[in-house]
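Notes follow the structure.
As written, the chains take the letters A, B, C, D and E, and residue 1 is the first residue of each chain.
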Amino acid sequence: MAAALDMAQDAPPGGVTAAPLALDCRDVTVRFMSERRAVTALEGVSLSLESGSFLTLLGPSGCGKSTLLRVVADIVQPSAGSVSVLGRTPAQARQNRDIGFVFQDASLLPWRNAIDNVRLPLEVGGRRELPAGAMRPQDLLDLVGLSGWEKALPHELSGGMRQRVAIARALLGGPRLLLMDEPFGALDEITRDRLNEELLRIWAETGTTIIFVTHSIYEAAFLGQKVLMLAARPGRVRELVAVSLPEPRRLAVRESPEFVALAARLRALLETC
Amino acid sequence: MAAALDMAQDAPPGGVTAAPLALDCRDVTVRFMSERRAVTALEGVSLSLESGSFLTLLGPSGCGKSTLLRVVADIVQPSAGSVSVLGRTPAQARQNRDIGFVFQDASLLPWRNAIDNVRLPLEVGGRRELPAGAMRPQDLLDLVGLSGWEKALPHELSGGMRQRVAIARALLGGPRLLLMDEPFGALDEITRDRLNEELLRIWAETGTTIIFVTHSIYEAAFLGQKVLMLAARPGRVRELVAVSLPEPRRLAVRESPEFVALAARLRALLETC
Amino acid sequence: MSLQATMPATSAAATADAMDAAWLAAQQRLRWRRRIMPLFGGAALLFVWWALVAVFQVRPFIAPSPEVVAITFYQKFGMLMQNLWPTAIEAVCGFLLGNFAAITLATVFVHRKAVDEAFFPIAVLINSIPVVAKAPILVLLMGNGLSPKIAIAGIIVFFPTLVNMVRGLEAVNPQAMELMHVLSATKWEVFMKLRLQTSLPFLFSALKIAASTAVVGAIVGEWIGSQEGIGALIIQATYNFDSALLYATVLCGSFFSILFFLTIRLIERFVVRWQPEGAP
Amino acid sequence: MSLQATMPATSAAATADAMDAAWLAAQQRLRWRRRIMPLFGGAALLFVWWALVAVFQVRPFIAPSPEVVAITFYQKFGMLMQNLWPTAIEAVCGFLLGNFAAITLATVFVHRKAVDEAFFPIAVLINSIPVVAKAPILVLLMGNGLSPKIAIAGIIVFFPTLVNMVRGLEAVNPQAMELMHVLSATKWEVFMKLRLQTSLPFLFSALKIAASTAVVGAIVGEWIGSQEGIGALIIQATYNFDSALLYATVLCGSFFSILFFLTIRLIERFVVRWQPEGAP
Amino acid sequence: ATTTVNMQLGWLGGGNQIGEAVAQQLGYFEQEGLDCKIQAGGPNNDGIAIVASGRYELGQVSSSPSLMLAASQDIPIRCFAVSAQQHPYAFFSLKKNPVRTPADFRGKKVGIQATGAVLLRALLAKNNIDQKDVQIVIIGSEMTPLMTGQVDVVTGWLTNTTALKVIGADRVDLKLWDAGVRLYANPYYATTDTLTQRKDLLVRFLRAAGRGWAYTYANRDKAVELLIKQFPNLVAKDEREAVDVMLAHCFNANTMANGYGAMDPAIWQDQIALYSQLGQFAKRTPKVDEVMTLDILNATADVRPRIG
């Protein structure tokens, strides 16, 4: 059994919180079966996360990072344990469009141009109107720095631009919880660094809660307010590491001794997972 | 025109070297044409490299890193300029099996098991016998840490294991020049770190000259004795950075201030490419 | 092989412009070769045909010489066109109906796995029965007009499209499926916004094959009873040993089916403008 | 969709073992369903057939009832087998020859682009001519006996294999090609060590189709003149209005072609043991 | 208002239906209140099942045995008239190796269609020739094997003048009829239901068809012109030659006496006996009146043209 971790330190002790927790997992276990072989992807994972925070998930390959994200997004049902997203079940949160999801490959529909891809969420799941004050597809493309590329088809965009479109799409309708599963894993390091900085800017501007999966120590340390380290076989919480780097962060922070020390600590931790 | 760089500082001034240079490029230009559009992939690249050294190539996407490697391996003909590999033309060097090449995807033949993939170079290009003292396929698999996996088919191996097989294959016959084009680009960071350390060990054990392409600043700095930074559009030499980290290097060197400073310098340089 | 040999490393004085010009000329030559080679191949075939007939004194009822066929084609052009017309209508209607049915059934198969499992083997069995053995039953059911021929063209077209369409509808990117789930899309929305477009490259690869087979189907359909059409003309020419007319008729049908194929390819170019990710 | 629903999150007391057992039972059910559904579908088809014949009093010369066909199949089993024999030989020989020719030509096409460009359109043209129009010409050239039927089965099989084999031989990983170049491999070595294996999944996907079409080709071949074989029996039964025998014969041919198909699939499972990267 | 009467054929429409085509073009059918539609058959469809199932009113097959075999399988159809009094089916050989009499078959290689082989065996049986003395080769319906020397004898219809031109002047004919096997060609048939319940329709049909054939007999050039109008794929010159042959088979002493379409139950009985003897009836041997009926002929006896 993994330790229960509580990130909502500011909540009053009586359990009567002003805003519900962005995420509250209790003892989540997920088992997959394939061809007579059972895999315990997650075992007894407990975790709570307050609204507006930025959590990065780090861990060796196959430790269940994606699975945890997918449980939160109601793509996978936990075999045991309970999950509450913004005070609701994951299914309710999903139907209420509280959740945005960004996949490793941008998963754009190749026959739709950039703005139509961003617009997709309005066309499915019951045609929805954007709330009055919400950012419109064009605004979101501007936000991710793609003004002028509205009509480009995905294959005309570079990998980094495709991921920006995917982020814009996930932000449409102003989700209160943004889940990102190695969104920059396939990009080259320079593009990745640029997008990391930009993501922090977007996070600051929109105020969404973000859970970000990565297997890069540098990325996890640079982005997260906290880094949740998972251990593999079975996937369970190894440690929750608080990041005390100053905010807002710029890339140069990576050369700071604190950052180097944090990276070293994460690396050492990772080697024990 | 880019500056001509000379790494063979130890060579006697009269030009009479004891061993020929591993690589000597003079004013290499490569132009590609596709559908009425011309691309200058490399322009006036000059470079010489002494035997036994480890050079990493770093640069933004599309700056011609792969193209330079492919010119050296006689896969692409330069449009202008001259290339000499170990005192010969690239074609002679290729036919003499002086060159080993490791691709980004391992490029194993999926129907051959690990050891048969390593053995491939003996079966093509005129059936060749291994020189008396040379490492045999089994030795090479041991060298890359795959003892016991001889009979496994590529799809039964993980990405990192596949790259090890590819390296073993490239080492067969003891090539004097090993060219590696982002061999670990598709691997997750932890596996990549491990293979980086291992590659340095292999380099030390075999004494081959290695040219290693990457777009990771950390990888370039960690591995290379020198880092050649290329600039894009057109691809040309930006700078040759000497790395003064102690050898043999362990991963922990990344936390040293020298390393952090070097990475910062490379990052700054890269941003101007 | 992707080796891009440009120019041998001659003198550094060779300007980029000169290299490009040489390359462009080479490209131009290649393009022309690609256009001219089929004509050349056709001419070679015609010559071999002509030479065989001339040298071995092949008598016209065994194989007519190409010039005789050409003359027949010219002289009977009106009649050939008049007979091509019904065949073309049957082929196109059968093409439309057969593919429509296949696409519909593929849709059902994809959404109801049990139906797929139950009826796919039956579809295989029925497909393995030669058309001409099924044809008389269709005439019984539909009489002698255009309909049985359309049905045969449709049936012959149906199976390959079914197989490809099922494959295409199932070739959706699993992450795109998860995205749709996160967006709470209904099955219908997933179908309309995702599966349909994903299947298009697969579908067109079947349609391009179907274009020729539909024509073959219409011709075979005419053999079970038709007074006009390419198929009827083939029977008549065969029975009368009018080999020149037979060859001219067969060529006429072939030209039409190639035209049909090219039309579908043109439509594909207009419809599928994006770059498929690993389609056939 | 890749949603892996395991069990609803009920009580934490549910042990892993219980979950696994439930899942295994569900898997078992699915496996059984996959085996039983085709039988079920077959039974449904038989029932519909039987009911249609019984309810509408369909007279036997239009369609016999399934039990009559079954009885005929049993009673005339010896005769059917005797006639299946030559058809099977023709189909298998045609299959071997046609595919051999296609594979050889594909090899030439891949190595001599000009030949490909010149002759591929001609291959398309010839392929668009219905077999039954080509058949009489073959009989002229080859006389009677097994050879023209084998030729027809071979021709019908030839084209799809050619197309797939060319695609397969060209589907080599470009990096593997560069590797071969770095190793100074000859064209022959590239072909033997790389192209051939790369093409196997493509080839088998064509061979599986060819298995049924070769049988159809042999049957069509027999229509243009044969004393024995499934095709001859079909003509005989049709001419004699023996609909029960006709259906039994057609089914016999279908069963054989399915058996042929399954054999090829079995061979494929043995030969292609690796995981192809993006094959058909 | 005219009634549509569909005549289902066992093959493509052509010279064999010249009488009907002429009758349609000249309005003879219309005068009977009919609109005659000729429905083609083909290599895989002899049309009997279509007529038997009630879709079309009447049919015509190429040769009489089809009707006997159908009757033996209890298919409820009857022949009610025959167009050709003698079957124009014949064996063709070349002068250098001729078959002029049945005895000449000994030692020959005969190319014949699968369904025609029984006719050769009937011929041999009639003429007491051992089957072992003759080599039978199953071929498609073509004459080239004769020209290429693959066989010594081929078969076909004397009316198929276009095809016979291929053989040329060296042709030697032996008609099936003259060798003792007496079959009818182009028999008309209908279901027993139609014969009893819509007898009038068939009567009117036969009346108009007879007039068409009579006109053809008298105005051959014009008739061929009308035929081409209905079947534009045909070649006028070849059809003009064929019509003479066809008419020679359709009109003889019997039609002189009994009118166009007449048939003789005794000849039917002969045919049935022959096929029975050759074991062609898998199920049972039909009786004459299960194969044919004289009702329609009798009802039109006085209006059918008596030419011969």
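Here is the rule we use: contacts are C-beta pairs under 8 Å (C-beta built on N, C-alpha and C of every residue); 3 or more make two chains touch, one makes a residue touch a chain.
Bear in mind that the values here come from a model prediction, so they are computed numbers and not experimental data.
Participant: If you walk touching chains, what's the least steps from chain A to chain E?
Facilitator: Tracing touching chains, the least step count from chain A to chain E comes to 2.
Participant: Can you tell me the least number of steps between chain B and chain E, where a step is a move to a chain it touches?
Facilitator: The fewest touching-chain steps linking chain B to chain E number 2.
Participant: State the pair of chains with the top count of C-beta pairs in contact.
Facilitator: Greatest number of C-beta pairs in contact occurs for C-D.
Participant: Between copies chain A and chain B, what's the superposition rotation on C-alpha atoms, in steps of 5 degrees?
Facilitator: 180
Participant: Starting from the mean Cα coordinates of chain A and chain B, work out the distance between those two points in Å.
Facilitator: About 36 Å separates the centre of chain A from that of chain B.
Participant: Averaging only over C-alpha atoms, locate the centres of chain C and chain D and give their separation in whole Å.
Facilitator: Here the centre of chain D sits 19 Å away from the centre of chain C.
Participant: Can you compute the centre-to-centre distance for chain A and chain D, using the mean CA position of each chain? Integer Å is fine.
Facilitator: One centre to the other, that is 48 Å.
Participant: Could you work out how far the Cα centre of chain C sits from that of chain E, in whole Å?
Facilitator: 40
Participant: Residues of chain C touching 2+ other chains?
Facilitator: 3, 62, 132, 136, 140, 178, 181, 223, 238
Participant: Can you list the chain B residues in contact with two or more other chains?
Facilitator: 75 - these are the residues of chain B that touch more than one other chain.
Participant: Would you pick out the residues of chain E that each touch at least 2 other chains?
Facilitator: Counting only residues that touch two or more other chains, chain E contributes 43-44, 49, 53, 142, 144, 148.
Participant: Write out all the pairs of touching chains, ordered by chain label.
Facilitator: Contacting pairs: A-B, A-C, A-D, B-C, B-D, C-D, C-E, D-E.
Participant: Where on chain C is chain E touching in the complex?
Facilitator: Residues 59, 61-62, 79, 82-83, 132, 135-136, 139-140, 143-144, 222-228, 232-233, 235-236, 238-242 of chain C touch chain E in their complex.
Participant: Sort out for me which residues of chain C touch chain B in the complex.
Facilitator: 3-12, 14, 16, 19-20, 23-24, 27
Participant: Would you tell me which residues of chain A are touching chain C in their complex?
Facilitator: 70, 73-75, 94-95, 97, 99, 101, 103-105, 107, 109-111, 120-121, 123-126, 153-155
Participant: Within their complex, state which residues of chain A touch chain B.
Facilitator: Checking each residue of chain A against chain B gives 60-61, 188-191, 193, 215-218, 251-252, 254-255, 257, 260-261, 263-264, 267, 270.
Participant: Of all residues in chain D, which touch chain B in the complex?
Facilitator: It comes out as residues 173, 175-176, 178-186, 189-190, 193-194, 197, 272-277.
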